[in-house]
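Reading through the structure tokens given below for one structure.
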């Protein structure tokens, strides 16, 4: 589904996107979801996650500030999401940095039917079993393109490896998304929020194939470009409010994306 | 108490407003409280909530990201607040969406002497036992005016149902507050923060009757109007910083509210 | 180490600064750390804090929203940091307001080898055993200079007492930092984030003596001055994005600090 159509459906359906996410970037994630036209909800207690996932159109799991209770809740919510057939999107924040994160990402991928994994190059490379340098939650190196392809093949899910260029693969095809701006990497949580945007698109697209994921990232990156070009933006601080404005403006006028979506199909060996 | 007088007292007394609130909007809630002239404090551990509530002038309970430990802490803090006679303000975020939230709101209302309930139309309707559509934490429909009146009557507390027009009732009278701007609904947490503003007003007003609550919401809505008219505001992202500026500017110059507070008494059947 | 040299080293080394911090200001703290050029990571689970501290170049402990699990994790992470010889920086938020906070700060100072304590005047005075008025997490009075000196002497660590003028002492010497702007006190979390900036400087300086701490605060305060003078800043709301921009701009061009660092050595009785 292309970005314009997805944004129109999001606007019509106002899908509820249930997040179990980290407390560092949760506010940005919620505002990005709302700016995209969907309704964010955060709920983490084991006592209510199944019921909340039962109301949602997509489930986003982000392991940025894990603890054992949250892991159990992620499994409960994820199983409910699977039972209902709504897409589960996983952001494996910091996987490879600690064994808790690595084990948890593996457990979620093994016990749940995850539709999309979206992480930075180092995180995706780690999941693919490749060498990677992850420092805390930042990826410092790695070939994002082959990481996405190999992770998609080994995990059997759609994988997005985000960075200056985002790479998306379902194991068969591979797409490169060159929308975006360097200031996005200077705001904490823009990676987490890109995963939520994929969640919004997946919520209305039914399936969450490589094309839909790439279109979500192209819309998200295009908003970054628009924001970076706005009057008064002189750094990451002034960029962030403009970025939310741009997401909402594009969502309110999807046609303004025409000609500005840079998604390219790559040849896959 | 009218808004001008309340803001002057808040500036003089710098009341401490203790919050047990959700982690999604906590930063905005704290900044709104500070901008209004009060001192926010967040503390949730059972080991310290009674002591912190013992220092505070108002207690705000927000069930947006509940878990069992937080519920117990809310009851401890609430009982301490009741013992001391400081107002307890409840924001029943997402009540009706899950049974945990519904049961918890009912339990807090039953075990504590709550002074004010402030929620969106759907949440208030749910508490009043009326039909309502709550999707996650967003209310999508409902007659806010009758919801506020009926909830106030059935719960025996002052109730505010916020929306494009806010309705406040103590069961006897009913007030409509038409200050505000549509951009407020596009920023995550403006509902939560309106409840904190009521907490600030209640902290200095002693009682938290319908008039005081309506005046708090009028001040809050007026700040939204001022912010929306500020240079450079093009969406929710750029609105939020200006909104904090406007809250602080009005709090620092309460007379600028003269003639700009739109609170209307409604005839009640 | 002076600010210019520290910022150059931070830019070169991109140190990972591990935080166990409060959920109120965590987003600002992370963005300030990133704007300074370091990499923030937040991880609080007992299951991973030692491993994460094992990857970090500094550890920041902030007791703003304590609970028992977090205290245990702080001790685990702190012991690992001590074992590795990386600096531990403690922000005793709200110490003196509740006994949980006071006991915890004392316990952390007793069981860990803390390099720097950074708090407001009331918090530092409390740790020094002096009279202080702490309302929630705000300090309302107190002689910051003597508090810093006495706390440094009684605790045997470098102590910073922040306020309109920041005072830093290692027990022997005392420094006054007069950079800063009043708007910094109107944004929730600028105190917490100043502690993180000290963490960034300590991460690359090896030792965290009074001069390094004062230089970190001078850089931080200078960014506040630059931000306050930016176009369009009319209050705390519009100040905050500009503050992040200014931190990043100064970090990217350390020479622009030349002649603008106001650190003065005080005569100590």
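Order of writing sets the chain letters: A, B and C. Residues in each chain are counted from 1.
As a convention for this text, a residue touches a chain if its C-beta (ideal position, glycine included) is under 8 Å from a C-beta of that chain, and two chains touch if they have at least 3 such contacts.
From a predicted model like this one, the values you see are computed outputs, not experimental measurements.
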item	value
Chains in simultaneous contact with chain A and chain B	C
Shared interface numbering between chain C and chain A [over half = same, under half = different]	different
Gap in Å, rounded to a whole number, between the CA centres of chain C and chain A	32
Sites on chain B at which at least two other chains make contact	23, 27, 232, 240-241
Chain A contact footprint on chain C (complex, rising order)	14, 16, 18, 23, 26-27, 30-31, 34-35, 39-45, 47-48, 51-52, 55-56, 69, 230-232, 240-246, 248-249
In the complex, chain A residues that touch chain C	22-25, 27-28, 64-68, 94, 97-101, 135-138, 140, 186-189, 232, 234-238, 240-241
